[in-house]
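One structure is given here, and the rest of the page talks about it.
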Amino acid sequence: MQPHIYVINPNSTQRVTDGIDAAMAPLRMAGGPQISCLSLPSGPAGIQTQHDVESVTLPLAMLARSLEEKAGAFVIACFSDPGLYAVREAVARPVLGIMECGILTSLTLGQRFGVIAILDGSIPRHLRAYGAMGVSQRLAGELAIGLNVTELSQFDRTLERMVHTGKRLRDEKGADVIVMGCAGMAVYRDPLQDALGIPVVEPSQAAVAMAIGRVQMNWHRA
Amino acid sequence: MQPHIYVINPNSTQRVTDGIDAAMAPLRMAGGPQISCLSLPSGPAGIQTQHDVESVTLPLAMLARSLEEKAGAFVIACFSDPGLYAVREAVARPVLGIMECGILTSLTLGQRFGVIAILDGSIPRHLRAYGAMGVSQRLAGELAIGLNVTELSQFDRTLERMVHTGKRLRDEKGADVIVMGCAGMAVYRDPLQDALGIPVVEPSQAAVAMAIGRVQMNWHRA
Amino acid sequence: MQPHIYVINPNSTQRVTDGIDAAMAPLRMAGGPQISCLSLPSGPAGIQTQHDVESVTLPLAMLARSLEEKAGAFVIACFSDPGLYAVREAVARPVLGIMECGILTSLTLGQRFGVIAILDGSIPRHLRAYGAMGVSQRLAGELAIGLNVTELSQFDRTLERMVHTGKRLRDEKGADVIVMGCAGMAVYRDPLQDALGIPVVEPSQAAVAMAIGRVQMNWHRA
Amino acid sequence: MQPHIYVINPNSTQRVTDGIDAAMAPLRMAGGPQISCLSLPSGPAGIQTQHDVESVTLPLAMLARSLEEKAGAFVIACFSDPGLYAVREAVARPVLGIMECGILTSLTLGQRFGVIAILDGSIPRHLRAYGAMGVSQRLAGELAIGLNVTELSQFDRTLERMVHTGKRLRDEKGADVIVMGCAGMAVYRDPLQDALGIPVVEPSQAAVAMAIGRVQMNWHRA
Amino acid sequence: MQPHIYVINPNSTQRVTDGIDAAMAPLRMAGGPQISCLSLPSGPAGIQTQHDVESVTLPLAMLARSLEEKAGAFVIACFSDPGLYAVREAVARPVLGIMECGILTSLTLGQRFGVIAILDGSIPRHLRAYGAMGVSQRLAGELAIGLNVTELSQFDRTLERMVHTGKRLRDEKGADVIVMGCAGMAVYRDPLQDALGIPVVEPSQAAVAMAIGRVQMNWHRA
Amino acid sequence: MQPHIYVINPNSTQRVTDGIDAAMAPLRMAGGPQISCLSLPSGPAGIQTQHDVESVTLPLAMLARSLEEKAGAFVIACFSDPGLYAVREAVARPVLGIMECGILTSLTLGQRFGVIAILDGSIPRHLRAYGAMGVSQRLAGELAIGLNVTELSQFDRTLERMVHTGKRLRDEKGADVIVMGCAGMAVYRDPLQDALGIPVVEPSQAAVAMAIGRVQMNWHRA
């Protein structure tokens, strides 16, 4: 039996987890790792505040440790990469965050990445993370659509705002690749890319794509 | 009655808190804020792992909120600045981390700062923080002495290692100012500076010094 | 008797010195250092050109040396930090510039700082200083209000322009904290912060706040 | 029939291509893309000079275009990423370079990456590439083993030098993850990682792992 | 007889070469190097795509080698600096690119440089080069006028777009010096500078000016 | 009659001026600008302290203004570039500093520049300047030989220390081009380059070479 990639949505909104799961379809291969998407039952409805971030770090580490026997890798499916380093410390298997992988993937698709956030309040946290990653020089800009995680499900309004924001990033800030800054945006990737005409990265896909290779190579902490 | 600056040591090792408290003596002024040093009772013996960091973030926020009525400012007295952004979000009063303030203070005392860490495992976490702060260009280097928080109390061995490491930072890495990378090192500041002949920053002092001004100006979230 | 923090306004416009002095009120504490604000008698009406900057460097150093016996620290109260390194070399007591301290303080209050300058001509000089400090990555932008030091005293016009410029920095450039780029703007801090809804740093206060700690710790050149 | 990932070794040394091919084994999955490793027949024995780099760029683009009908993605398997942007322009399918992917992958495995180059002359070219990628801040250092591509096949000498160089990167330069700076080093990954005790990235594996996801998502130029 | 500076226009549009030649007039001195402007006969009409760039690298190296006996230095007169490192490797005499020299010269004329490109598609390539040069922090922005190399000869339309774009770089992006991002723009330097009121760098002049000194010093590879 | 390039040595040590003058020989061309080397009579024996730097800024501006009628350009021939921006403001003709031009020139000769300083105390000042220039990423390192300006004239000892220091920059810090960090080192350029086998930049030559072009183009402030 194949090892699992556990894609853990740290919030408890099942619709978000379902959206991620749907986005995983093309990455499921007969001979490849199983890709299992889970919600963190104790998580908040969305990771929007710093309190939300902190509240899930150790539960994520505990959940990961409980799954480690069957795991080939873990993906933390929230664009704040909550608990990334705690989970890495807790398990020997590879742990990837969707923010870091979404950004790193975008670096191979354009020269200046733009990020569409859900809320203004998330942006400073993301900027700190880009600084910690040492990739700020590649950032064109980040702008928010002003909708929270649960509001994301209203399709037309959300898409309209994402297209508007993506165009600002492209035309005013000079972005030539867009990263969607929330795991709950997966369903909007294709229409957004069609509207913008530049590559759009869905970060959960980016992270799982990178995780697949590590599972196949049986990677674990040196 | 003057408002308090609550200097919260997120670990439960009272000797560390006592050392911080002693270092505060010169910063206590008749007409200035009261400076109260607390341990976090639920904290680990030392903040050494990422798990240690995560385990104290929300307890710190809760403790800060419980103290807010009498508080003028808060200082998180651990060089990993655990929970810095969670505590900032939780209270309207200023919250400062000793890492950020130790580094920022060093930027006014030399052109390239060196950091003396306790353990090798702390260094990547610190490097991420310097990146998030956007000050990596000023970093000469960071080296560890290989002693954990509780071992720091063995005076002669610790000082000898700090002097040795400080000289490497000065002579091999080009540091012209040193930041002590642990709240538990406060007692070593003076002999270390004497031995190295370049400024040495004790980060809890650096943070409280900055906090005093904010309290006096009655600063709170805009 | 307490040592003095000498806050030296390198220009000779007494109204600017008076404005700084008024801004110091909350930082004067029983048991704390005395805070004495001086104009440089030989200084120009405002430090606006590079010639203005150069003309005060050695006079500042001489003045500082003449005051050193009673000094605990010195603050150079001009946002070009003129003569900062010359004064540091001249005296053994700590010397802080209001630009460096204003910027460093802002780094603890937001992720991207915006600066309101008086004149366009000051901006390249400031940008060089941020580069020398190694903090350019945190800069959102700097914009000028187009008024010289003496024109700053016309309250309504100045405040209106500062609010307008601050909003551009916040909304177009993404600043989440503002640094006032002239010592002569001190009186506008509170209404500006009220209008913008994000923290506004008055740099003379920022520098003196940092200086207080050094005086209390009896800091001098290692 | 599955689309191919064409892994093109721009040199004509078949042993290098065979080594890459062997390293691909774990990444071949039922249901996943086919992974086909090719030499560039017109390529030099090794890509060691700038002339070598330039000589393969358009042949790589032509070869890629000739294969595009059956291709899901292309990987350029030389650590100078020769012709990366020319091939990207020539075909609509994703094109990845092993240098960029090796580096990006290392950013998820450590905080400071070290690179083991074959020859001193390659290092400035690599440094330019890291600068263009905007990731220089994460570089611990790069050192060469002083062996050319064909000399790499002498196992014991090569491994001994790689271990020696890796230890210098780890101990003197502060690297906590190593990237092997030549496609011809694939066979040394496991013993090198065992000797160093920190993660070692084989860049062809890193690139193909990232390519698999793009093929599965049927990615092509927007 | 004086050695030559060979200014090689890698495209075959003679009008571009003629424009460069005319711009060289003031740099021709009786006792100085001869300045000879050549087209690359095999070059495309303009260097606009990555294929264009790659197609000239080795021909440039060969041409340079064939001219080396009479050469004091070489200048590659295309703003993509195609083949810069290949030509450097091929000959012992100094080789300068007009992009690098245009940018470096601008760094002595303003604090933030803006670049006027011909086409949007050139911008990511230029941004990679600025990153490789390590000077991205000084970039205010780069914007294109949307005209290809041959369209540049329509004077009024081109000048009008260059002025419009230069004003955007100056007023929206904060540039205080402009670099013209194509060798074919030489004739527009003076009217553009008059219209903008800030320095405008013609990059072929910048490169030849730097080359003259090397020829006079008989510089060759150490 | 040709306009002059005034190369002003801000110190009053005539031997230094004579050494610069000798280094100018190859840059004097029939038909080119006259190159006139002057000492600043009021200058100190060497620019070694910050006080030395400040003491010459306005005298340099005054001297330049007095010479402007016959000037085509000015070069400030001290590696601290004292008064660079004051002189630029004072005259409409181009003003170049030997530090900035030495560094910029080195960027075309290698990927990582090393600087040989005279004294340890100069290094922080230089590092601030590299930061202001935005080129710190290209710095391999800077090391001092521990000799002051007047001691530089003792040939054998000075050369021996420069070779030793240059080798450390090359072998330990990874420099592939060296910039001599004092105008008084001009005479050592050739033997140093011979000993190191990598390019060595004499900064006064670098600056005058760049100035020649500006004079020929009749450049003045826009």
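In this document, chain identifiers A, B, C, D, E and F correspond to the written order of the chains, with residue numbering beginning at 1 in each.
As a convention for this text, a contact is a pair of C-beta atoms (placed from the backbone, for glycine too) under 8 Å apart; a residue touches a chain by one contact, two chains touch by 3 or more.
Just so it is clear, the structure is predicted and the values come from calculations on it, not from any experiment.
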Mind listing the chains that sit against chain A and also against chain F? B, C, D, E
In terms of CA centroid distance, which chain is the most far removed from chain B? E
In terms of CA centroids, furthest away from chain D sits chain C
Averaging over Cα atoms per chain, report the distance between chain B and chain D in Å. 42
Please report how many Å separate the Cα centroid of chain B from that of chain C, as a whole number. 26
Can you list every residue of chain B that touches 2 or more other chains, as numbers and ranges? 128, 131, 133-134, 136-137
When you check every pair of chains, which ones turn out to touch? A-B, A-C, A-D, A-E, B-C, B-D, B-F, C-E, C-F, D-E, D-F, E-F
Chain D to chain E touching residues, read off their complex: 49-51, 53-55, 57-58, 61, 83, 85-86, 88-90, 125, 128-129, 131-134, 136
Help me check something: in the complex, which residues belonging to chain A touch chain E? 110-112, 137, 174, 176
Could you pull out which chain B residues touch chain C in their complex? 26-27, 29-32, 94, 96, 100-101, 104-105, 107-108, 133-138, 193, 196-200, 205-206, 208-210, 212-214, 216-218, 221-222
Residue ranges of chain C in contact with chain E within the complex: 123-124, 127-128, 131, 136-137, 141
